[in-house]
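Note that the chains take the letters A, B, C, D and E in the order they are written out, and that residue 1 is the start of every chain.
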Amino acid sequence: SAPGGGDKAGKGRDELVVGLANEPETLSPLLGYGKDGNSKIFDGLLRRDSAMKLEPALAAELPKVTDDGRTYTYKLRKGVTFSDGKPFSAGDVVFTYRTILDEKTNNAAKGELAAIDKVTAAGDDTVVFALKYPYAPFAERTVLPIVPEHAAKGQDVNTGSFNTAPIGTGPYVLTGWSKGEKLTFKANPAYWGGEPKVKKLTMAIIKDDDVRATRLRSGDLDGAILPPNLVKGFKGDKSKVTLTARTTDFRGVTLPTANKVTGDVAVRRALDLAVDRDAMVDKLLEGAGRAGYGPVPTDSEWFAKGTERPHDLDKAKKLLDDAGWKPGGDGIREKDGQRAAFTLWFPAGDKLREEHALAFASDAKKAGVDVKVQSGTWEVIEPRMKEDAVLAGGGNPADPDFDLYNLLHSSLALDGFNNMAAYSDPAVDKALEEGRRGGDKATRKAAYDAVQRGLADNPGYVFLTHVDHLYVMNGDRKGLTTQVEPHDHGLGAGPWWNVEDWQPAK
Amino acid sequence: MLELRGITAGYDPRDPVVRDVSLTIGDGEAVGLLGPSGCGKSTLARVAALLHRPDAGSVVIDGEPARGWRHRAPREQRTAFGVVFQQPRQSADPRLRLRDLIAEPLRATGRRAEADTRVGELAPVVGLSAELLARRPHEVSDGQLQRACVARALVARPRWLICDEMTAMLDASTTAALVGVVEAYRRESGAGLLAVGHDAVLLERWCDRTVRWEPLTRPFTVSRGLRPRTPGPQTPDGLNTVPVIRVTQ
Amino acid sequence: MNRKALPWGPMARMAGRRLLAAVPLLAVVTFGVFALAAASPFDPAKAYAGSAGLGARRDVLDQLRANLGADEPFVTRWWDWLGAALTGDLGESTALRQPVSHVIGERVGWSVLLCGVAFVVAVSVGTVLGVLAARRRGGWLDRAVTGLAYTLEAAPPFWLGLLAVWFFSVELGVLPAGGLTDTGADVATAGQVASHLVLPAAVLAATQLPWFVLYVRQGVGDALAEDPVRGARARGLRERTVLLGHALRSGLLPVLTLIGSRVPELITGALLVETVFSWPGIASATVEAATKVDFPLLAALTVLATAAVLVGNLLADLLYGLVDPRIGFDG
Amino acid sequence: MTTVLSVRELSVRFRMPGGRHVAAVGDVSFELAAGECLVLVGESGCGKSVLASALLGLLPGNAETSGEARLGDGLELLSADERTLARTVRGRRIGLVPQSPAAHLTPVRTVRAQLAETVRELTGARGAALAEAVEAAAARAAFPAGHLDRYPHQLSGGLAQRAATALALVGDAPLLLADEPTTGLDRELVDRTADELRRHADAGHALLMITHDLAAAERIADRVAVMYAGRVVEIADAAVFFGAAGPRHPYARGLLDALPERAFAPVPGMPPELGALPAGCAFAARCATPKEACEAVPALVDGVACHHPHRPLAEEASRA
Amino acid sequence: MGSRTRALRVSAGVMAAVVLAVLVVPLAVPLDEQAVDLGAKLLPPGAAHPFGTDEVGRDLLLRCVYGLRVSLLVGVVAALVATVVGTAAGALAGAFGGWPDRLLMRLVDLFSAVPHLLLGIFVVALFRPGIWPVVASVAVTHWLSTARVVRAEVLSLRSRPYIDAAVSGGASRWRVTVRHLLPAVLPQAGLAAVLMVPHAIWHESALSFLGLGLPTHRASLGNMVNSARGSLLAGDWWPTLFPGLFIIVPTLALAGLAGAWRARLNPRHRSELTL
């Protein structure tokens, strides 16, 4: 076919070429690859359906939770083989989890499995996890991909060849990885879920948004993730469809507790009211998103109804007036000689955060608070997080604990990028602990409602928006769906999250 | 006294142009050096002016041997020589006006104050009008440029003058005028002169003594001989004659 | 025609001297890079952790740091690296999680191909345009070429790249937009690589073009006003011979210099172009290696870059001596 | 005899900063026939080289010309376009030995390369024939073959001169302009070169030789033209000029007298500034016997432009 | 040569306007170039915003002027420093030869060995983000070409007979360099300087792009052009066009002036110019 010809990428029903912004550093689950599931090459014990409900994958059924939520027992699926033909067994599961937790393994995400005390195999087809403490969302972590012991053992887990030539049980088998260019996969004929109909899968790595959009337009790609302003360019294109994936991907401003201005609850609440979230959704996201009032999106079942804080500039001003923040000569408020001013950092190169930061500063100014926007790399920002605000982002849809605990629990104040604002509220801490300890859903929901209400009363962060992820696809594939996506989206996110299930059009 | 003792010089140590040449110029003496084209006269002149390091031999200036060459030569020794080069076009910095060209040796040696008066004195003597002094080398004729070069050689009042074919591109009248200038300077300052040239009549008229550079009979045995590196085309190979250092007057 | 033999002896001596000087130079450069990287605020452990590291807690990062050996002083790391490198072990890249030798082996060829083609194009097109512009200074061609050159110099490579993709791939649909091969293809055939090479190489060449164009123009333009060209004209030589054989030959020196000294710029350009075009070369790994404080990869890349620069400069110096006999071969 | 070059009222002026002008050549007229050798003499700076450059269209950009210079076939040189000059005139119909030959060689190429290139372009010789032609051309100007592989800066003054002569002779042009072709050469080589140029003229080529070397001039000249301050002030048969009668213009006589074998004394005074020529005879200020008539520019009558030309004794006597 | 004079006048005029704009507008117009107005997003050029607005509704005219200020500062200072250092190093190395030459040239090798962007990254990373580290990082990496170009020219010049004449006239090495060699290489160095200005402007934006230069929201022409790429693809041309023109027009004007200056340096061209 002609190079660059529009027909090329979509030439076969059984081929798919997609453009991604990020390249995985490694393909070894032992080092963190695919930890949130859907890694295409591998399967976890569990996986998520379109509604983000857990369902069994390599496990034969959902785990049995016993011992006050401290023991999880998984029965394994029978007859599953790795792509090299060797059978899958409980030993592989134990090997995977033990290796990840091993000190010598350079897996930065191992903290997510901190609850695990012991992993043991009970025979060939049962694995038992013993936890150190009751941890309600534990099952959500077991979407983590399982590695074949026979292939990964005996080499250096950090540097061995398995990292670039992985073997798994998943629907696809890696056929090539040209770093910086693309990853190619072919369907795994022996996949336990049936051989995928899309036989060939190519993930082109195109870091630059504009170039990705251009290559999509040139027909080089079947689909790609794009930022809202570039999606706009495809509006008129009949041959393309835009898919909007709901997310828990939030953007918000941290309000450091140690800062004289942002530490003041009155200022916090005023800022929370002064920001025009709807304008941001409209203009910055081109409508592709929702106003955010906390890490939990408003359409989530975990959202505490009634904690929305609509834009109200007058109320914000009144709050500040009442608290003694009086406008100075230049329109910026002051209290006891302290100017209502602080610095807001955003990571350089992130356009969306830049725009959010600028919009936030502009709104704050209207309330009489001077926000100086600055950019830098994370290395520059991190040491300043104690005093300066940061335009933060994050969000994991799997369980409210994942975001809320990390962002708000006082024990994690300024520990890495967890509680960046050093938020500290004893009531919230208590509710967070309650929520993770477990119990039935209603109990947990009540706990997280308390957390969200606490946050509304003392907003240590001004949450701004939840950002939809937008995908533009060739329009000839019908019935595509998306999952609710997290902040970090890997190879498995996007409309092709279930590519293995796609059926050929008639 | 300017003594060149056993100079061997050239551009390739294995095949020097000038071999074992000695030449002495007394105080205030004018010596003419005649020789076939390409025999090494200019090279020898450059050695004498401390601009070219010989492979062997020494230059002794007023009893003091030269201690270095080019920049390594002490400034007093370097500036003891006023040199007029064979090709005025090549030896003039194209960016300098003639006025600056002439004054440059004074400025370079920190005698800035004298520059204007000295240029003012010399210019009419060598026949350069104020208008010409304001031009750059490419805007004047070769002869006019050569006059500037003569003025440059005289400007710092050197004790020795080395004139390499100074008059080759000058007409008879200008030649006579410039030789007059040089002679007047020599009379006034008592400077010695090495004049390289092809015009025997001129050199004999001008100099106290003329040295003729002629082919050798026995190439390597004569220590005080002058020998051309390449037998000039005018000399049929093998037909070599005895070296002559002919002194006239 | 008995051409004069090249002065092999002096050339070889010069090359030898440079080779000797390269050893301490490489040591200093790698040491400097280690020192700079250590002094920079980048944290190797966090960099290694990547996005997963954003949520990582302190204890995990400390453990990671110890595992990576990142807590050792850089002098020790450099010394260890040097020792290992001398035995042929270049270490493991933490950024790409592959042995460094593997990373380089896989990618360096593509970078060399890209840079080589771009450089040859830049030098030859630059020379042609420069000569044409110099021929009639102030003429319309001169103005157009000069204007273009300054505009290109003002245009960042990533920008040019985007425009090129937009125009040639989207609007005209004649050239592939990126990658080494067709996105869906598995094997790299020569034909595919060639067609995929066109745009990135052209963009890289375009970023290198202005210096060559303008220096050729300057050199040739000046030479055209000098006596040697006047002499050549008087002899009745054709305009083309005068331009190429005399003006260009005299004005070529700066261009040769640029051949050596533009290598670093070429590498910088390649770095951006490779990223824009998803070209799987080595240059695009450089920034990553730097910001991820990937010492082994960084050191290896620096050694490669140093070698490229040294070879470029040596080549230029050798060519000077050949092109301008007054320069010779010392230095 | 066929006229090879006829120059009519040729003038060259240089525009200078400040709106001034330098009148380097003024109203020069002469004719040159095939087989004839015209020697042009004159004080340095009187416009000889500029005249030669004008004929080849090689003047710098600030020069303005007027008058005409026609080749035998009618081509007007001053108004000819650069293309015509480059393709058909330079090297092919008019050869030039430039003054300052070393400066006119390209410094970065060997003499052989430059000679070969010229031979190839002008004669079309290739391969072995080319190599041979190169050596022959060098030999013609007495350039030693062993020095062919040298770069210009490695040549002595005389060698560069010979290289330039060799280059100019390659095209066998009907008209040869030789600007000081004998500088830097020893007597024997001067004679050799002069003889070679004479042979060239005898073969039917016209030769315009600019020189200071009156001995060489005497050896080959058919006619002698004397220039002063941009004008031709005398044009005479060589035999007469160098003969017992001598030249008639006082300047020309002074010039001959300045020779070292004669009085060795310069013409008194300085040449006038070409930027501000006096209204009348430019030589009046230096003339031993200026008259009132000298306040007008003298016309070139009878081969001399002077209001009181010197007359041979016999003639003087007969008038008395 | 009327057209040359005209070109020179135009260049001088543009440069004067640029300098005036850069100095006066920020003082005279009390508007905030960073003022965001989401309601006025991506407005095409019109009466209220002669150059239109960008993606968050900032006025492009104002940003262009401010950007010009920052970019010119970065470009011109970096180019000047790089050129002065490069010319000095190249001239010294070439004129003195021997060990100073070898030492300096190995230093050049050393600096060229570390890829520019990498060196830039480190230089910038060592300091707080801002203009001066950017200037330093550009200057540190860009004196090398100039040094080598100048050295090569000097090497070729220093064996000319007129240098002999200067030596014989008593000129010190230093004087020979300053009086005879440097003037001859100035055109080459000047060309490098002019080329460096636009180069430094985009270099700055490349650093910003990596998060190491100026904050990306601060108006600098490189940043503006760069961040406008997306809009351009969506068909909104003005956020690209105007900053682009603001880079290119002053560059061409500067080039015009420098060209005239170089022509004046060349004695032969000079006598052909009638100014």
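Simple rule for what comes next: contacts are C-beta pairs under 8 Å (C-beta built on N, C-alpha and C of every residue); 3 or more make two chains touch, one makes a residue touch a chain.
The structure displayed is predicted, hence computed values, not measured ones.
Chemist: Chains in contact with chain A and with chain C: which ones?
Modeler: A chain counts here if it touches both chain A and chain C, which gives E.
Chemist: Out of B-D and C-D, which chain pair has the most contact pairs?
Modeler: Counting C-beta pairs in contact, B-D comes out ahead.
Chemist: So, what's the distance in Å between the C-alpha centres of chain C and chain B?
Modeler: 51
Chemist: Could you tell me the distance, in whole angstrom, between the mean C-alpha positions of chain C and chain E?
Modeler: 21
Chemist: Between chain A and chain B, what's the gap in Å when you average each chain's C-alpha atoms?
Modeler: Centres of chain A and chain B (C-alpha means) sit 87 Å apart.
Chemist: So the centre of each chain is just the mean of its C-alpha atoms; given that, what is the distance between chain A and chain E in Å?
Modeler: 43
Chemist: Show the residues in chain B shared as contacts by 2 or more other chains, in ascending order.
Modeler: Counting only residues that touch two or more other chains, chain B contributes 87, 89-90, 138-139.
Chemist: Two or more other chains touching the same residue: where does that happen in chain C?
Modeler: Residues 40-42, 158, 162, 166, 227, 291, 324, 326.
Chemist: Touching at least two other chains at once: which residues of chain A meet that condition?
Modeler: 210, 214, 377, 379-380
Chemist: For the complex, which residues does chain A have touching chain E?
Modeler: Checking each residue of chain A against chain E gives 209-210, 213-214, 227, 229-230, 232-233, 276, 279-280, 282-284, 347-349, 351, 354-355, 357-359, 361-362, 373-377, 379-380.
Chemist: Can you check the complex and tell me which residues of chain A touch chain C?
Modeler: Against chain C, chain A makes touches at 2-6, 8-9, 11, 15, 17, 25-26, 31-32, 35, 103-112, 158-159, 163-164, 175-176, 178-182, 184, 200, 202, 204-208, 210-211, 214-215, 217-221, 377-380, 394, 406, 412, 415-418, 488.
Chemist: Quick one: which bits of chain C touch chain D in the complex? Just the residue numbers, please.
Modeler: Where chain C meets chain D, its residues are 1-2, 4, 227-239, 241, 245-246, 249-250, 252, 323-326.
Chemist: Considering the complex alone, what residue numbers of chain C touch chain E?
Modeler: 21, 25, 28-29, 32-33, 36-37, 39-42, 138, 146-147, 150-151, 153-156, 158-159, 162, 166, 210-211, 214-215, 218, 222, 225-226, 253-254, 256-258, 260-265, 267-268, 271-272, 283, 286-287, 290-291, 301-302, 305-306, 309-310, 313, 316, 320, 324, 326-327, 330-331
Chemist: Can you tell me which positions in chain D touch chain C when the two form their complex?
Modeler: Interface residues on chain D, with respect to chain C: 56, 58, 86-87, 89-92, 95-96, 98, 100-101, 103-110, 112, 114, 116-118, 121-122, 130-131, 134, 149, 151, 153-154, 164, 167-168, 170-171.
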